[in-house]
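Sharing a structure below in structure tokens format, with a few things to ask.
Labels A, B, C and D are assigned to the chains in the order they are written; within every chain, residues are numbered from 1.
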Amino acid sequence: MKIKAGIIGATGYAGAELVRILLTHPEAEIAAISSVSFEGKPLSEVYPSYKGLCDMECQTQDEVVAKSDVIFAALPHGLSQELAAQCDKEGKAFIDLGADFRLKSEEEYQEWYGCTFLDHDLHKRSVYGLPELFRDAIKGKKIIANPGCYTTGAPLALAPAVINGLVSTDGIIVDSKSGVTGAGRKPNQGNHYPELNEGFHAYKVANHRHTPEIEQTLSRLSGQKVTITFVPHLLPVNRGILSTCYAKIKDGVTFEQIQKAYKDFYQDEFFVRLLPDGANADIHNIKYSNFCDISLHHDKRTNTLIAISAIDNMVKGAAGQAIQNMNIIFDLPETTGRVLVPPAF
Amino acid sequence: MKIKAGIIGATGYAGAELVRILLTHPEAEIAAISSVSFEGKPLSEVYPSYKGLCDMECQTQDEVVAKSDVIFAALPHGLSQELAAQCDKEGKAFIDLGADFRLKSEEEYQEWYGCTFLDHDLHKRSVYGLPELFRDAIKGKKIIANPGCYTTGAPLALAPAVINGLVSTDGIIVDSKSGVTGAGRKPNQGNHYPELNEGFHAYKVANHRHTPEIEQTLSRLSGQKVTITFVPHLLPVNRGILSTCYAKIKDGVTFEQIQKAYKDFYQDEFFVRLLPDGANADIHNIKYSNFCDISLHHDKRTNTLIAISAIDNMVKGAAGQAIQNMNIIFDLPETTGRVLVPPAF
Amino acid sequence: MKIKAGIIGATGYAGAELVRILLTHPEAEIAAISSVSFEGKPLSEVYPSYKGLCDMECQTQDEVVAKSDVIFAALPHGLSQELAAQCDKEGKAFIDLGADFRLKSEEEYQEWYGCTFLDHDLHKRSVYGLPELFRDAIKGKKIIANPGCYTTGAPLALAPAVINGLVSTDGIIVDSKSGVTGAGRKPNQGNHYPELNEGFHAYKVANHRHTPEIEQTLSRLSGQKVTITFVPHLLPVNRGILSTCYAKIKDGVTFEQIQKAYKDFYQDEFFVRLLPDGANADIHNIKYSNFCDISLHHDKRTNTLIAISAIDNMVKGAAGQAIQNMNIIFDLPETTGRVLVPPAF
Amino acid sequence: MKIKAGIIGATGYAGAELVRILLTHPEAEIAAISSVSFEGKPLSEVYPSYKGLCDMECQTQDEVVAKSDVIFAALPHGLSQELAAQCDKEGKAFIDLGADFRLKSEEEYQEWYGCTFLDHDLHKRSVYGLPELFRDAIKGKKIIANPGCYTTGAPLALAPAVINGLVSTDGIIVDSKSGVTGAGRKPNQGNHYPELNEGFHAYKVANHRHTPEIEQTLSRLSGQKVTITFVPHLLPVNRGILSTCYAKIKDGVTFEQIQKAYKDFYQDEFFVRLLPDGANADIHNIKYSNFCDISLHHDKRTNTLIAISAIDNMVKGAAGQAIQNMNIIFDLPETTGRVLVPPAF
């Protein structure tokens, strides 16, 4: 029998992307979907792409929880904690695409999001769902904090170097560029076509909420408190995040050692593709898929490692990774339902 | 055992799209691929999107034929006839994405393409593979002429009206707008990013080779010689063709009759989605999929039917339809391998 | 002394474009600007492009009228009539970029816009400002109805053929494709970047308010009531309208006669560029300028004239034409301030 | 009498942009243009945008030199040295948009470009034309090395901090993102529309020829040898470069001091716009203009200065700056001919 999956917040972009992936998942099916803004309306009215494929009507949150084995929540921050408690009480798995369970430090959560932990036990039992880095911790858990988009690409680009102590964890710079879907479905002046098209700019410079989350992951990997400089930019494309990460190579470490560390670390990871020497990671090559492409570069003149990762912010950076987490906690091969071949163009 | 599929011309855009679709087809597998320009090179070197998914090397045409049950050819016109003969002799199915077998009249073929029929018997045994219109003729055949891109969208938009004699076949105008991939993988000044981006123009006005092919289909459907005015335009998007088709409604015919004719005609077609009243077909909603969305509009002031279809030129207009044809001739449900859900964005 | 120009509705796209053009006009200067939404704010806060160039604050409508010799109004329909009366009383020239004075028939105005004429005398004294077609009528007038965007490109494409009776005025079809700025500055779901990007669709099919205005012009030119089929589409580009116009060539008329009629008609027009045989009008080549490029094509098989025009919807289709009208009524050479060279890319 | 300007390499993108700017320059006129590939052809055949504006035919290089007071050369590197010598001999001003005179060190020129200096005296008499930084040195000179595109934006973003010793010159990182026109007019696979559209990637990572040129400028400004890490990326837009520059703030220096240093340094510069606190430099706001917008940001957590500049790579990064240099050496106000208002959209 198929896993019954419910989606709360199905009409947002992450929710809609979950629908796309679940529609071809061989071991799961969409049991119910909800949306505050579109209750009673079929999803295909909101997204005509899905006509004939998912004409299911949006129901209430409670109906979704009742009908599902696993609940995916794609909600603004602050709205997931009570829902997680409800799922927990009813014995349902809960995968949160929002931010409420990502930061382990309540202090940081408060500083960056202005909210507090409602139930500390729940937070303790939740796990951060970045499979390539924390797979073992995910297995057997039922409350999963699915990482944010920037917070998937940058750590994957840096992990092998940081874990193996090959670069200094001081002075790491992450310069990221994201497609527009990252800003959500709600129109605003900044995403209005004529004002974004043929434009490009940074935003929330050194001030973005994903900063402490990237730092939390790098600290956990390196075993020391890491502080980074993080600058996100907005690209005039629909999907994709390219993160250009700069780290000083430690004295005595060669670039070849670094390359080997990456090869060893990612050799069995289906969804991480370490590119050959000379290639450049490109969001063009991973869009609509769960892949993370990584290219490594050496600035010999300043002995700096430049590690560049490309992910689809809506797939590996949101819905695809959530499905990967579902596969893990339901003991399926992680790649189940990986019908998402990145198109060549 | 899976169908062994071979692709000749795999490094062109249609060939690459065949790869994408076949990679997730449950009943077929890629047996071999060929490319004149990239012989000996892995496909994933040409299209890094496919790294880890299709690293197969390009072989010779003969090797592909030898290893395959069905051969897809995505070649410039003039190069398919001998290949078809070879496949025919070896008892292999042959699906031609090129133009050599599309026109039934050698005279027209000569006029528009400057070539002659090498083997009239072969042409007689070939069939035009537009399943929604000519399904019965396709079954049991082994040489399939897969329609061109414009020649799929426009006929599907007009078929029910023409078949039922609801519009005049005189004065039909097809104003089509195509994404750039239709012009192929080879760079030229016209497709150079800075000169196409933020631009839009018509080309080959009333002079495009797909004109006689659209006319052949409409003539076959209506039982009378149809001549149309066809103007293609180049859109600054990667994929998709929108065809805005104008036809005079016959006296005494109501728009409601026309709507009903379309509903009846397409009600069992999975891949054709007749949109509800008030909706507008949009290439945004079908891209990367095999769907053809159709919206019908009535200009009451001039009593004109405006039928608009949207297809992905690379899928329903090329590779997806070719797989649909393969499914038909191998007695599989037509929708087998339809893992191509159009993304919501 | 320079002409003092005031702009009412300066923070909309047409208003902002007027600012861009007036900033380099040698004989006019911006005296004052107004905006209901941004009163008291500098324009450069709304459009950072203008920082240091137009940091003028938005004032009230009355202040603008008081300080200006000529008032440009870029307002939603229905809001210009009283303003026109006010300008008229104070002896100021009034150039309306809105729709209130465009239709000469109150009945049509009521049918398409749902409003009535407040002052019939004012409407009688107003003139339709399409200089290349009605230049003589514009001279000496003070209330100018600046044409809409679609209603400039399509009539210019058809005028010489219609005036000279070379094509049938029955069955004319205008298939237009417009850039996004035509829909204005206010964000909505349809113009939200991820939903428009890589998309293309028709809208208001056979139902757009510019229909009667195009018909009014063609009727005036031909001396008979013309009814057309008009279908606008939305292009994923910022600027530009391409109109593909179809008209049946009359018996006995040759295409060469038509070409000659166009050459004769437009030979002294600086802003209309008749392209050489074989070229295709492209919005790429006229963007940011006041040019209208026209290419003529002959469908020999159906004896149809296909006349294609390309304009920048914001310049020749709005602000640039408004300045051209200002130049006329202030007795300046029409090309004064034509600093708008279309960039090559 | 107007300055007679000649353009060698007029059919490349930088050459075409020079034409656009010179067409509206009040004190200069285009005397002659040349192009190896299009000799004898009118420029408007290559760029239909210029039809009726610059239909001048491409002549030989010698003809251009003979007819001009100032020669602009937009040639591949290695081709300017002899031409400079020729202009020098004939007493003509020479403004080189290529790379031959940019690097003062022959060793570096050899290392990065593989060429040698043909005439050391000529190189000594040449001057690096970045007016905002080296204006005084430019005055009175006749051989100008116009800076490259990346090499204008990054130094302008960093200059006031570096000159005043407010940041460490160790560990500076420049992460730049450029529009496609930077790669020139010649089509190739990388700039082919379907492969660039919806893509984004770095290229020539830590290996781009503009690296030593940026370093040369920063070294000259700081009085010490500066080595940087420079990573360029390719944006799917036509124009614009955004450079995100990272520099460690020195101990004891406040961000307010830095802000003041920038204000003081740029207060009289028309073409550099220091944006207000909280704003983000955006290529959208400077395209088609000679402006360089700069926004300053403080990463308090790591005490890093993030200075971001936006320029149009074809204007301030090429042709516009060349005209600015021409104005200087012909004793015109630098802003003469500044008809290039950045459009609001």
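Operating definition for what follows: a residue touches a chain if its C-beta (ideal position, glycine included) is under 8 Å from a C-beta of that chain, and two chains touch if they have at least 3 such contacts.
It should be emphasised that the depicted structure is a prediction, and the values quoted were computed from it without experimental measurement.
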Inset, instruction - Please state, in steps, how far chain D lies from chain B along the shortest route of touching chains. - result: 1
Legend entry - Pair with more cross-chain C-beta pairs in contact, given A-D and A-B: A-D
Inset, instruction - Determine the centre-to-centre distance between chain A and chain D, using the mean Cα coordinates as centres, and give it in whole Å. - result: 39
Inset, instruction - List the centre-to-centre spacing of chain A and chain B in whole Å, with centres computed as mean CA coordinates. - result: 36
Inset, instruction - Please set out, as single numbers or ranges, the residues of chain B touching at least two other chains. - result: 13, 181, 194, 196, 198, 236-239, 282, 284-285, 345
Legend entry - chain D-touching residues of chain C, taken from the complex the two chains share: 13, 16-17, 19-20, 23-24, 47-53, 181, 198, 238-239, 270, 273, 275, 279, 282, 284-286, 288-289, 291, 293, 314, 339, 341-345
Legend entry - Touching residues on chain D, where the partner in the complex is chain A: 171, 173, 175, 177, 194-196, 198-203, 205-206, 211, 227-229, 231, 233, 235-240, 242, 244, 246, 248, 280-285, 287, 295, 297-302, 304, 306, 308, 310, 345
Inset, instruction - Report the residues of chain D in contact with chain B in the complex, numbered from low to high. - result: 13, 179-181, 185, 187-189, 191-194, 196-198, 236-238
